[in-house]
Amino acid sequence: MILSALLAGILILVVLGLAGAIDAVRAPGGAPRGAAGQGAWLYAAAASITGVSALLSLASLAAPPETLVLPLGLPWIGWHFRLDALSAFFLFVVDLGAASASVFAIGYGRARHGGHADEPGRVLPFYPVFLAGLGLVVLADDAFSFLFAWELMSLASWALVLVRHRDPESVRAGTVYLLMAVLSGFLLLLCFGLLAGPAGSYGFAAMRAAHPAAATVALALVLALLGTGAKAGLVPLHAWLPLAHPAAPSHVSALMSGVMTKVAVYAFLRIAFDLIGPPSAWSGLVVLAVGGLTAVLGVLYALMQHDLKRLLAYHTVENIGIIFIGIGLAMVFRAGGEGAAAALALTAALFHVFNHAVFKSLLFFGSGAVEAATGERDMECQGGLIHRMRTTSFCFLIGCAAISALPPLNGFVSEWLTFQAILLGPALPDWGPKLLIPADGALLALAAALAAACFVKAFGITFLGRPRSAAAAVAAETDRLALAPMLLLSGLCLFAGVFPGAVIDALAPVSRALVGATMPVQGLLPWHSPPGVPLGAIVPVAAARSSYDGLAILLLIGAVTTLAALGARRLASHALRRAPAWDCGFPDQSPATQYTAQSFAEPIRRTFGPLVFGVASTIRVPPPGSTAPARIEHVLHDRLWEIFYAPPAALVRRLADALNPLQFLTIRRYLAFVFAALVLLLLVLALTP
Amino acid sequence: MGFSFDIAHLLAGLMVLTSLLLLYQDRIGALLNVLRLHGLVLALALAWQAHLQSASDLFLAATIALVVKALVIPGALERLVERLAIHRLIETVGGIGPTMLGGIALVALSLRVMLPITAAADAVSRQDIALALSVVLIGLLIMVTRRNAVGQVAGFLSLDNGIDLAAGGARGMPLVVELSVAVSVLIAFIVIGIFLFRIRERFDTVDLAALEEFRGERR
Amino acid sequence: MIALGALIAVLAVPLGGAALLALLADYRLTARLNILFSLVAFLFSLSFLFRRPPPGPLFMIDDLNVVFIVLNTFVGFTTSLFSAGYIGHELETGRLTPATLRFYHAMYQLMLFGMNLALVAANIGVMWAAVELATLSTVMMVGIYRTHEAIEAAWKYFILGSVGIALALFGTILVYLAARPVVGEGNAGMIWTVLLAHARGFDPALLDTAFVFLLLGYGTKVGLVPMHAWLPDAHAEGPTPISAVLSGLLLNVALYALLRFKILLAACPGAIAPGPLMVALGLVSALLAAFMLYRRRDIKRLFAYSSIEQMGIIVFAFGMAGPLGNLAGLLQMAMHSLTKSAIFFSVGHVAQAKGTQRMEEMGGLTESHPLLGWTLVAGVVAIAGLPPFGIFTSEFLVVSSSFARVPLLAAAVVLALLVAFGALFVRLGGIAFGPVRGEVGPVRASSFPIFAHLLLVLAAGLWLPPPLISWFRHAAALLG
Amino acid sequence: MIRATLIQALQMALVLLLAPGLVGLVRAVKARLMRRRGPPVIQPYRALRRLLAKEAVIADNASWLFRTAPYLILALTWAAASVVPTFSTDLAFARLGDLIVITALLGAARFLLALAGLDIGTSFGGIGASREVFFASFAEPAMLMIVVTLAILAGSTELTSIAAFMLSPAAGLRVSAALALVSLVIVALAENGRIPVDNPATHLELTMVHEAMVLEYSARHLAMIELAAALQLLLMISVIACIFFPFGLGSGVLLGLAAWLAKLGAAGVLLGIFEVSIAKMRVFRVPELIGGALMLGLLGTLLLYVSRGL
């Protein structure tokens, strides 16, 4: 019942896409049609559908699985759908992001430099289809409809990446993106082909029932990791992500970063935990290693960015790494028969999935608001926005704190849970996990610390300090409808951080379905909270081992802050005077003397540079007597791009060049080819007995 | 069998021999003469088959071969050479010696390919097919090794003669006449095409760059 | 009887049409008549879906070729629609004259006749002749612009095609020779049904040799590497309707011939398996064409190479055989016909609007010509095998079914698809997006054919009616 | 329950009260070792009082964040300090969080401080914030490796449980614990901005970190930050004491109190001696130092495997 309602919602989304196309056709050439709010009706409709859908999926989280077959696609396969705990959870994440992005889009469209206000015709037809694709992937229950939805999702988002198509970078980003997306589709296709076997049983139910050989399982897992990793942004398959995500309008970037990468995580979970039988420990270790590397490299690259949205996109890479660390741990623990630990690790990963969807959407909305206000994505042109965009800056700060894993917000809880799972690693009997898991813990901690550094930079350079450009100096707060979802998501960041038990208990059905065990019941809600456990407290394993109480921490901080403030009010002078900045007595009025995004990250670049980045520095010192300033320039180039992307591209180019003369031969030579082929085939005939 | 087989065999063998002769020629005049011979031998072979199979339509085919392939087309080619003032010497690729060796290797190949044919197939067709295959292959070889339109047409013609030979040797094959007419039309088209479009060296040029000017990509 | 009448009509209408159009001078009238004849042929062919004539010595219609015939007449019809708008513009720019148009229309119908005949012929000799007829008529049309390039292309097409035809003829004779000891002399040795019924007793060595010649001969028309060289230039230099017909139809007709012989070979136990040969040629074609896509500068040549790539995949699928492989091949073939002709329709409009076929001089089409630009995007998306279009379905079947059997081959196919994909989308990015470049001429021609094709492909991607599938399955079963 | 609440309240009051004294002690020790008379131990209290009494001057473009940050920073540090067992493990807030939570609370305080440093838009604030987060990004993984070692050793990340384990005979003498101690000391030095990482006594020097960030603060705001810094120092010392020298923790409040005060005094003296005998490092050498701590932590984990015979 719920499943049909959800599918009906998706169908309406597709119809909305068509309506959007018609709307776009009526305003030919994508020219603005009077009011800036074109398409508001569409976004409103999308928001209500996805909102209802989010609630429905939340409600069916603990319900028994529902299935449905539609007579579409290939007749003997059909389109199978299934709503179980895993899909319900991910659908909730998807629809939560989608609903808030849709509401944001209405306000975003009204704003001054709104990302799509100038080209609504290029957004409206594809946006609802993108949402539909996201939802369909999660609900699909056979390889065909899964890949159909998967590619549809990629395709629609590709079109959205190309909204600013006049920018050649956008077009390039779109091409790289779609190529990687298609690569991921093909890898998954191969994976499903393996799992389906020669008989071609593409239904997930059949794959679940089958017991493939160990080699098949291993190959399928590798393919699944590569295929979903290419979509999720696992290093080194991530290179498209920081190109494509920022290029789209901000509400779409939010969806791509916050939601679409989660759908890839979903795909991996579905394949690795559900379709393939119990994996071996080594596969979990591979996932673990890849996750750790992804987390650290993602954040290091993020630190080097000064385009706000690109920074956020690289952070998505980092967070995907964290999620995959959790997943890898769950795989290792499950293979080792540690059900409770596997449940902990998996819950941590899923928790982080939810968290990242929330705060990454929030941050992208914030960046969209900034872009709409100043017309610039470059952080070096911002500054001081906290004075003019108060609500935006507050929400963005919440998002920054959450993504930096600061208590009492949600990001901390999931990372803390991941740490707790990591701390259970040394108890495993094998040497591989024993050594790798603590190392991964160090990587995770490094990533978390660097993330904090990065978001100090992101928030500090963008919102604090003095305006670095004229546009930033006159920026105005963004539209109210754009603010509403930001406030909502900020509230969710706080809620999930303060009542983590509620989230953990809600995830229990998912964890039971995937690893056959759950975490201990936490104080989900007051009415079935076990006696003696405080409301906000979570106990991952045992109370004596570790515990965390988000609500109490919040209350404590609140109380102590009030105490400090009251104390100061009582004891201290109330006098306050505004004056020019002190700056050690040398106040300089030029905002250019402020720390920039690049200079902020300079120490980290210098330290990690030799390892990770290729940096070409040029120093230009003017000749003696010249008053021109000396300049130092760093050009960062991505080592991973050079290792993993450039050679294949160069190979294709070389082959294309080498083969190209075949177009310009004489007829005689072409005849010679035919002749050679004939003789060759005859020789084959003559020589084969 | 006996005598009738021997004659058929002889004529088919002659076809291969003439094909090799064609391969050997590097002067247009001689080439065209050999081509005439080729057509003539084909006509004879077809006629002999017609006699053997007492198939009247094969006589027609033989006549067509005689008229079109031994007379009209070589004649037309000769006119072409005069009108377009084509160089009398045909530039070949790879030299005559290796080409001849290649031709002989092709004969060997076609025999090897056709050897496994079961004895159930009658001896005439077994021989004919093997030799016809050689003629076809040598025809292609001629096309590939001649840098000159006329040389290539000659190659194509001899290839076609090989096919006719095979068709004639296929006892009771229907539509032989129609097919041979169709192929003759094809060749006529080629010749007319050369006339019409003044394609002198379009088959080939020594200078690749000159040719590329005509390719759409380099416009 | 009715069915036989329909069959004769499918052949007679284009033939009569060709004769009539050759006589009429008014190009407006002839263009309309061209549409009319094509439509009538299409409608008649539709009747085969419900009622088929019994197989006779001359003609036969079975599950396999009915797919081809309906597709053929349909694309023939839509292309004639497109052509009517297209030639108007060509007349204006003076590239064509009313006199050449008369010739053009007559040739168009003649070509349709040739293809229809090749598809319904029960006799392998007739089929061969019909393919030759279709080839020659397209050669004429490729050269119709009389530019150096067009003549060059037509000439190349002609020569390579002739050699291919000759090889196919030799192969046909060999098949007859193989059949003769078993089925006796005379016509019976060239009739499909008879051949197939007795294939068990044929001499395998002869059939093997025959298949090599047929594969190379008809493979030339299919556009298989290394016999493909005519294809890009013929597509690029001829009028666009002809490019659409070449890619959408002629390649299929040649493929159909090839498939027939494949069935025959499969029925003879001692003969070599045709599968590996086709798989190898298909893969080589797909890979080479994929790499060739990168350096193309002419938009029509680009899509011509894409046709080679697609035909490679299709031949690969048929080579892999099995119920899924054959089904995938048939589906892919049908989808490719529809999609590629739709692409050529859009490309034709684009080239006319821009006044050039050079891709460097095109840009921002989605902005300057939104409808055209987006249909082109949709076409490329479809041809690249992305949902919601039908090629996704067939490529899904090709890759997944072959991967389960021979993983490495499937990996090679995926490589080819990816490489081609990259090239197509790099190009598409420049043509359809980015700042507007080049002339911005108006497009007046109807976009109905484009939409009709794309909608069909879209519908096939979403939903394949069970009757259609069972029909395809029968055909696939015929292919073994 | 009531007892725990009382002890908790006492501890929270004590840490706040003792923290400036600890700073004063360290300064006094350093001054003596440098043969200066130096200020008295209670000098920090005086400074705080004076700061509180003054009129606050803030920059024209200071935001609300700049004004609220000091209170939050103090609160976060204080909250972290309330979880650490100082003189008794019977704390009402003991289950609020474990060692990781404490680290994270301090991280949150640092996050705010760095933001406050950037708020005015001066180059000093920027340099301080940049370096602060730079050091922290090494210190945190090192801290986590210590946690891993302890978790393997004691089977818990809760400080009370760890302390209980360390008091039990099962603890014994372990190399890995010693490595963890060294590592933790380095981390503590870095986190508190002590020599050799930062020099809390310097001003207007390009190497300064903490002082550069708080340059724009004055009066009561500065007082909060100074107090928070002192509190953090006390907190880290208490953590070290609680983990590695848990003597007196389980044996009554009074004894525990006495032991804690003794430990604080000893630590203050040791810190003073250490700071006098070593020079400040170049900024870009610091990662090597803290990276060393990280390596020690890893080594500790490895050695633990060995000692456990795994």
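By written order: A, B, C and D. Residues from 1 in each chain.
One rule holds for everything that comes next: a residue touches a chain if its C-beta (ideal position, glycine included) is under 8 Å from a C-beta of that chain, and two chains touch if they have at least 3 such contacts.
Please read these numbers as outputs of a predicted model, since none were measured by experiment.
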item	value
Top chain pair, ranked by number of contacting C-beta pairs	A-D
Chain whose Cα centroid lies at the greatest distance from that of chain A	B
Length of the line joining the C-alpha centres of chain C and chain D, rounded to whole Å	77
Averaged-CA centre spacing for the pair chain D and chain A, given as whole angstrom	35
Chain A and chain C, separation of their C-alpha mean positions in angstrom	43
Between chain D and chain B, distance of the C-alpha-averaged centres to the nearest whole Å	98
Chain C: positions in contact with at least two other chains	155, 159, 163, 167, 209, 301
Where chain B touches two or more other chains, by residue	113, 140, 143, 152, 202-203, 215, 217
Where chain A touches two or more other chains, by residue	663, 667, 671, 674, 678, 682, 685
Pairs of chains satisfying the touch condition	A-B, A-C, A-D, B-C
Chain B residues within the chain C interface of the complex	113-114, 116-118, 120-122, 125, 129, 132-133, 136, 140, 143, 152, 156, 159-160, 162-163, 166-167, 170-175, 178-179, 182-183, 186, 189-190, 193, 197, 199, 202-203, 214-217, 219
Interface residues, chain A side, partner chain C - complex	25, 28-30, 71-76, 121-122, 143-144, 147-149, 151-152, 154-155, 162, 165-166, 168, 170-172, 174-175, 178-179, 182-183, 186, 189-190, 192-194, 196-198, 200, 202, 652-653, 655-657, 659-660, 662-663, 665, 667, 670-671, 673-674, 676-678, 681-682, 685, 688
Interfacial residue positions of chain C with respect to chain A in the complex	155-156, 159-160, 163-164, 167, 208-209, 212-213, 215-216, 220, 226-227, 229-230, 232, 272, 277, 288, 291-295, 301, 324, 364, 366-367, 370-371, 381, 384, 386-388, 392-393, 396-397, 399-405, 407, 410-411, 414, 417-419, 421-423, 425-426, 429-430, 433-435, 461-466, 469
Chain A residues touching chain D - in the complex, by the definition given at the top	383-384, 386-387, 397, 401, 404-407, 412, 416, 419-420, 422-423, 426, 434-435, 438-439, 441-446, 448-450, 452-453, 455-457, 459-461, 464-466, 534, 537, 543-549, 552-553, 556-557, 560-561, 563-565, 568, 571-573, 575-584, 587-588, 591, 593-595, 599-604, 606-607
Interface residues, chain B side, partner chain A - complex	93, 106, 109-110, 112-113, 137, 140-141, 143-144, 146-147, 152, 202-205, 208, 211-212, 215, 217-218
